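Down below are the structures I want you to see.
You will see two complexes here that share chain A, one where it goes with chain B and one where it goes with chain C.
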Partner chain A sequence: MRAVGARVEKVDGIGHVTGQTTFVDDWRIPGMLWAKVLRSPHDHAAITKLDVAPALAVPGVRAVITHEDVPKNVLGHLEGLGVPADEPLLAESDVRWKGQPIAVVAADSEEAALAGVAAIGVSFEERPALLDVRLAFEADAPKAHHWGNWFPHFGGPDTPPDHRKIRKGDIDAAFEQADAIVQGVYRPNAIEQMPVEPQVCACVPESNGRLTIHSCTQGVYFTMGIVAGHLGVPLNRLKFIAGTVGGGFGGKVESWTEPVVALLALKTGKPVKLRFTREEEFLCTSTRAPWHIEIADAVTSDGWILGRKMLTLHDAGAYARFSPYGVTKHSFHIAGSYAIPNIHFDGYVVFTNRTPTSAMRGFGVTSVSWTIETQMSRIASVLGLDPYEVRLRNASRIGDTTPNWVTLHDPSSVPVIQAAAEAAGVELTADYRTMTRDPRSGDLLPEWLEGQLGDLDAKES
Partner chain B sequence: MAKQRGRGMAAIEYPTGMNQGGDPSQCWVKLKPDGRVDVLSGTVDLGQGAKTIQTQIVAEVLGVPTDWVTFDNSNTDTSPLCTGSFASRATFMGGNAARIAAERARERVLDIASRLLEVDAADLDIDEGEVFVKGATEKRVGVPDVAAAATWQFGELITGTGAYLKPYANVDPETGRTDRNPHAGISYGACVADVEVDDETGAVAVTKLIQVYDVGRAINPMFVEGQLQGGGIMGLSFGLLESSYPYYPSVEHRGSEFGSYLSASIEGLPEVETVLLENPDVDGPFGAKGVGEMASNGIGPAIVAAIHDAIGIWVTESPITPERVLRALDEKAGGGGEPRRDGKRYVFDESLSVNALATGISFEVNV
Partner chain C sequence: MKLNVNGVEHALESGALTPLLHVLREELGVTSPKAGCQSGGCGACTVLVDGEPRRSCLTPLGAVDGAEVTTIEGIGDAHDLHPVQEAFHTLHAAQCGFCTPGMIVATVALLKRLPQPGRREIERALSGHICRCTGYVKIVEAVEAAAGGSR
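Presenting the complex of A and B:
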């Protein structure tokens, strides 16, 4: 091996640190217009009036688009994964979060575009907002989403169940058998992806009818498909210039600026750029979701985890975006690095009147790690056990199965915990120091773990 | 009133690739007439080094120096599809597509070389830009000469295409059971946090982080360490500092600029010790697993445990602000903070539970 394993410098590293790399906002195209967005000032409201004519009278304003200008305004981004379309590119009859885009103005300058936005005649009738996921299920709760207050399509479009379920083993028998049951509530909060480069996009209408789109997306073909879907054009009408991004962390999976700028370029026949202010980047793009998680673990007095019951309320904000995907991913990892034979999980994607939440680094699993690792620390504390040893005792081994019954062929739970103990100068007792990831036998195969073992010979793909 | 020291740990795992799979990456490799190599790929570089990773993989497979390889993801007219740089998938999926494309181009190089050297292609190998006969290393021809011969003598383009796709896994809606593996691989990690808690102000300072990750294979150890160190600090920031909704669930008082949104900065960062284990993944390119995202997951709960070790409180809402620490200390001083005992149940955090304020949903433990 010469190239693989080598500490090769980044091929574009010098350009990045000397300011020479061309990022999307560096593109200045002759005749380029600037776009600005009219956004909802309310958490939840009906739009009672929308009149863009005054904006068109503002000097320098070239075009305004509303939902009426979008060939396909409500487009699902994850329809291939069974998440039906729910979110308009531009609001139609109502707004469901403060900051939701309603109209976009293109003008000769950002100042003229802002003046155009301010001139749009818009009025609202405010509605009560739902903000606490714990209250979403009350009979008199405000309705945050037209589907109801939680995502109802976990069996596919228009198909129940209305939440993600994991059912493995017999949780009630585990509670019965347990020496102790440790319960806790965990609420990891929302945070920002905070890329150095905010959302920005420029689109050039070419003389041959094609659109050249300068994009900072994390998934070029993903976003190109979304633009093609909103515009109703084949992929060969579009050319994306992309692939060099000033930080994403999940936030630049969001593909809103690209179709909007493409529509304005088509409407005006001119290049158009839209760049979010730092304030828009903070307030009007998806954050990591806030989560509410309740958990009860059935354990023996010597630290075996017999079973786990868990309720997850994922705060999706006003629209589904990637949240159903995130909760399903979450559900597959609720046992973490351990073999847990009896699992009962209910996970809801709950809608609230806040900025829609979506992907961020660790999507769906950051919340699991926060929750179940604090549970492990609490179990060790309640039972008076060593925190390394209680983890090593339960650690996944070759042949164990995950909550969704995937057989693990080569888990590294044991070696990473041992290595962490060594690096921290923690002396493990001999049994734990010499433990391996080998398939279970003897003391490491108590009767309650026999039923969860998988078939290592089964063909996996 | 004093600064109290504590230590906590956490162990984590994280999947590579989009959950349930079905997320392809494609790549096209071609040689210029002088043997220099173009890699056309749709994989986005977010700063993590995806361009360089695929450059290294292609150079390794073709046996040429890395500076002979040009990676181009600049536009969709020439670059084939990559689902995206998310889900810790770029090195694994994009890297596999590049590996496969390079392997096919390598077959073409060896085929042309076998004609030039009049040796069976199976007896040839490539290193440092030269094709040589295994066991008779003096019989050799440079890759530039092979590419030139392909172009001017044989009228061929040396090229290779590669694609990698983890088939889609269906989920049983009633049990969550999947009909096949829903991830492309799994990485593992364990983190240790040392903290110093000021029990007068509630301030928590992280003094050291130790993090151990099984990365399968570090294609570029410098980048892997960068991901893990940056991710570790992001995890610290998530645990102690950051919140989009400081009064969650309220939407008021959101930070809207760097000056009003508190996050970690370069000032005051702890020492971070990062240990890489390499247990190769059976499907990853050269054994690599995805590690980009998981680096921010283990530090938060390790800090929670370290704070408990230091001052005997559990804070389970993030971020662990000085206010939350002081409130928990007050509760403890008043005899609270311990779990309620109910038979064999130890019930923590009851005031946060849906059971405390909702009637439409509940969390029941039947014993």
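Presenting the complex of A and C:
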């Protein structure tokens, strides 16, 4: 614990301030080829023709890869967590989002690679696109995914397989006892992680048959596994040089450039580099997901939340990626920092013809945290109460349980809200200023809530 | 065409329309200016051209023929840190480090022009430099410290 509170010298700091840190793009590799990507210009289309021969005739072009060159084209990134494989490394018979990669060209220069991409003969038959999660459940909605318009593989013995579902307490009783119902619809939108270093990867085929891969991945062993899986080679064929990341924020969990340059290096026998443009970063790499969240809270006139009904539609874009994991995390956090005794929640991972979404800084949780704090203020506003006091009244206490029945032994909601009030210069009334996180008692606990707000004996355990 | 880069004269093969960033990185192997956006939006490619900060990705070689170019390699090295580099290091103004060379050369130019800048001048001088890690607070503090140290 010597580092806590101390100013510790940054191990790579001198390299950073002298410009000598070697990022992936900075490796000087003799004879290196540049790779460029042919991408879908349509949100949704069948690929009716794909002819790479004209690209191979472009001066300087050394190789082109399509799905036919990938030993295992469809590989699940979260199969270990029960999310089956659904996404091809390179598109096969159809494209499901504008920007989906179809073929990759390696050439002596960036210009030649771009000329090669432009020369590929490709044609499409456009299909209707689903771009709004709210339309996904309509009978005549365009079909965005071969599994249907929402993820059907949550599984588990007690939950239906096609969404995350929580039923806690008696939601109907809560709504019957309510003095008011406070509703809200919240739509936090997509956010690009936008590290200043774009996705970039270089692969050097070694004379001993191994591949040296310079990668800016955020998860070295995760990405190694994905490369080995797509290539069908054991891990000991791969040597990763990684760990120097020019910002990631979740976006560099995406492991697409690595298998692609590895395949091109194997095909050409030469080092290959692929560096995304900023335009590709924005349009073609995973973002934080857009969410559609509907809430109805049953509240008393003095500010107790008796019950919450909530529907979440998580826009996964065209493929599953990490979205099922994001919605699972989301479902644990639907009450935020508050104890809500009765809960009715349904959360769907919806497929659309948008860029697939994925990790970004607490994804799944940030969307619901923002939503719930906005909803708390709305409750206070509707009831004409102080927003800090509504929060403190409902704040989780020792022994309360989360929506997924985890007992809280060390909740910090009360002191954090009090500190926020103090920092904002808000004067709380004595009851709330002196409130502790100990289990509720006295005037702050309506009789009918006893037994619903966690185990009051938990303090002693 | 010719460039003086960090005190060394170079005769160049690149064409007049080649971005200075590419000349530096690909022809001369000077990799501290970064290809962050290659469209003038992020500031990671910033170098000094005759002492003035310029986005090398948007600067064609032909426009700077014969100029003196300074990258961070010409500012100071690990054995002889410039006060700005020292401040960025000790005050943790560099996190991932990708935007740092551009930030530092722009700061060196600022302090040469305005040795005691106020917070507004610092923010204005660095406003074209995107950092996604630090939230800028530590960067501004480092610039203030470097200015204070050079008093």
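Basically, the second predicted complex is superposed on the first by the 426 of 461 C-alpha atoms of A that agree within 3 Å, B and C clash if a C-alpha of one lies under 4 Å from a C-alpha of the other, contacts with A are read in each partner's own complex, and residues count from 1 in each chain.
Just so we're on the same page, a contact is a pair of C-beta atoms (placed from the backbone, for glycine too) under 8 Å apart; a residue touches a chain by one contact, two chains touch by 3 or more.
Computed from a prediction, not measured in an experiment: that's the story for all the values here.
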Chain B versus chain C as contact partner of A:Ala118, first or second or both or neither: neither
Which of chain B and chain C A:Ala46 touches, first, second, both or neither: neither
Partner chain in contact with A:Lys98 - chain B first, chain C second, else both or neither: first
Which superposed partner A:Asp25 touches (first chain B, second chain C, both, neither): second
Touched partner set for A:Asp12, first chain B, second chain C, both or neither: both
Touched partner set for A:Ile166, first chain B, second chain C, both or neither: first
Of chain C and chain B, partner touching more chain A residues: B
Touched partner set for A:Arg275, first chain B, second chain C, both or neither: second
Contacts of A:Pro198 with chain B and chain C, given as first, second, both or neither: second
Chain A positions touched by chain B in one structure and by chain C in the second: 7, 9-10, 12, 16, 194, 245-247, 249, 278
Residues of chain A defined as touching chain C within the complex: 7, 9-10, 12-23, 25-26, 28, 193-198, 245-247, 249, 275, 277-278
Complex interface listing, chain C residues touching chain A: 29, 31-32, 34-39, 41-42, 44, 71-73, 76-78, 81, 85-86, 88-90, 92, 94, 96-101, 104, 130-133
